[in-house]
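The data blocks that follow each hold one structure.
In the two assemblies presented below, chain A is common to both, partnered first by chain B and then by chain C.
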Partner chain A sequence: MITKNQMQIKAEPGRQELFVVREFDAPREKVYRAFTDPKLVVQWLGPKNMTMTIDYYDCTTGGKYRYIHTDPNGNAYGFNGVVHEATEPERVIQTFEFEGMPERGHVVLDSAVFDDLPDGRSKVTIHSVYGSVADRDGMIQSGMEHGMREGFDRLDDLLDNQ
Partner chain B sequence: MTVAARRDVFQAIADPTRRNIIGLIAKKPMNLNSIAGEFDISRPAISQHIKILTECGLVIIRQEGRERYCEVQLEPLGAVADWLEPLRELWEHRFGKLDHLLGNMHASYKNKKKKK
Partner chain C sequence: MITKNQMQIKAEPGRQELFVVREFDAPREKVYRAFTDPKLVVQWLGPKNMTMTIDYYDCTTGGKYRYIHTDPNGNAYGFNGVVHEATEPERVIQTFEFEGMPERGHVVLDSAVFDDLPDGRSKVTIHSVYGSVADRDGMIQSGMEHGMREGFDRLDDLLDNQ
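Take a look at the complex of A and B:
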């Protein structure tokens, strides 16, 4: 299927941040709802071949959230954070922590900005800031552990090659 | 025990001078003196950057007569695009579902209006 909604991912080597930018065929009010209403979030945020379960999800300023992705083998991956700011329909700033890390403290600061575009369309810019370059690179790598890509051995070798 | 320095394409392109060197010699192979002449930093510093680039597999040095030419190997740069692929696939999967959901939200909104 050809889509005009091209996605951009920017992650420069040696930096602690990454950007994900995507356009949608819907005004930002609607996209904001899909990002913040747990009944809607659960329908799209889960990775392929995983079941997403919400423990709690209060996406309002000062709120908190926790959800779990479960793979077909029953392995569960928990994620949680607090919401620093949720300003409908323009911005959400929240922390994000993967509970499977060997120790606590690897917290990510995520900002999602929702901009309107002409013709009832909109754009979402997600900016994630990690505690270290290693944290960011490790997160990108972790996608592979979840089986989202075949032939990842080559990449694994590359990143481990120190 | 010493920790080996990281030597891969990511290390190679992490430094702006090394990115400029790659850009310069990608057009045509050059010897060390000509490369150093294009930068405001010392020849030994440029030499060190070239050494790292060769260790990272992005540059090979070819001897031609008395001259040693630096030549770019672009294949390893493919790893940079590959590196982001898992993340790209994750978000493409999510946004594909989100597109679908937004479409349905349109539909249910219209249905509600019709009922009124």
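Take a look at the complex of A and C:
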């Protein structure tokens, strides 16, 4: 499916942050729920060839989450974090850590802002702040962008069918 | 009291992070407890002229905290965050938000690492990552450094008397 909603990623050289912007053909209330309700998140988050399993997922202020992506060869990739703020339907601020790093402690601070657009559409802006430029560049080189694009395309389908 | 343990702060121009380093005349186990046990934290954290009140304080992995500093004129300043990781006695990674900002959402990611030094001493390195350079510079200009220095001097006394 060709969609007009292409993900934009902005990562200036030498900085320890990046921005991801994606529009959706649904109001922000609906997109916010798809980002925060584990029954919906599990249907779209991550690359197409991965199976997502939720260990726990409480996306409310003070909550925490952990999930696992498993590829067709059975390799498992864990992710976890805590939720600093979840203000429906406008903003989620949470930490994020990929458990497959060579050492623990490489934590990202993600802020997702949900804005309404005309005609029942909306825009999500994710601001990710890393512990270092190297952490950010490593995340980009890991294929993060491809996985996010595929996930958002799946989310388009989910929003269409709800 | 003149102490040999001076706080060092490193904040390179144009970056959205800063580092604070402070040594203590106590092993890291003892310093870690002083940073994470609310009965101890309340005795030293913050400027000398402030009274600290704890709303809630659970510095364990997945926990959360909120406290209030009140100055002699009765002005109250609230702070809160969530704890991504607390690994005794070596590391705490948590979010931090000053509730007195003009708008919410200006969240800091703080990582504190506790290292032992020879002769029963230790060193704490705090790495703070901000949402923007402006947020970091604003925090520095707010008098953060002075308040931290006073707090650490009080912590020296607390560690001496334990």
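Quick note on the criterion: the second predicted complex is superposed on the first by the 141 of 162 C-alpha atoms of A that agree within 3 Å, B and C clash if a C-alpha of one lies under 4 Å from a C-alpha of the other, contacts with A are read in each partner's own complex, and residues count from 1 in each chain.
By definition in this document, contacts are C-beta pairs under 8 Å (C-beta built on N, C-alpha and C of every residue); 3 or more make two chains touch, one makes a residue touch a chain.
Being a predicted model, the structure only gives us computed values, none of them experimental.
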| item | value |
| --- | --- |
| Greater chain A contact set [chain C / chain B] | B |
| Which of chain B and chain C A:21 touches, first, second, both or neither | neither |
| Which superposed partner A:40 touches (first chain B, second chain C, both, neither) | first |
| Which superposed partner A:52 touches (first chain B, second chain C, both, neither) | neither |
| Contacts of A:111 with chain B and chain C, given as first, second, both or neither | second |
| First (chain B), second (chain C), both or neither touched by A:101 | neither |
| Partner chain(s) touched by A:68 [first = chain B, second = chain C, both, neither] | neither |
| Contacts on chain A seen with chain B and repeated with chain C across the two complexes | none |
| Chain A contact footprint on chain C (complex, rising order) | 15-17, 62, 64, 81-85, 91, 93, 95, 97, 104-105, 107, 109, 111, 127, 129-131 |
| Contacting residues of chain A [partner chain B, same complex] | 3, 5, 7, 9, 11, 13-14, 18, 20, 22, 24-26, 30-31, 33-34, 40, 43-48, 140-141, 143-144, 148-149, 152, 154-155, 158-159, 161-162 |
| Chain B - residues contacting chain A, complex | 3-11, 13-14, 79-80, 82-95, 97-103, 105-106 |
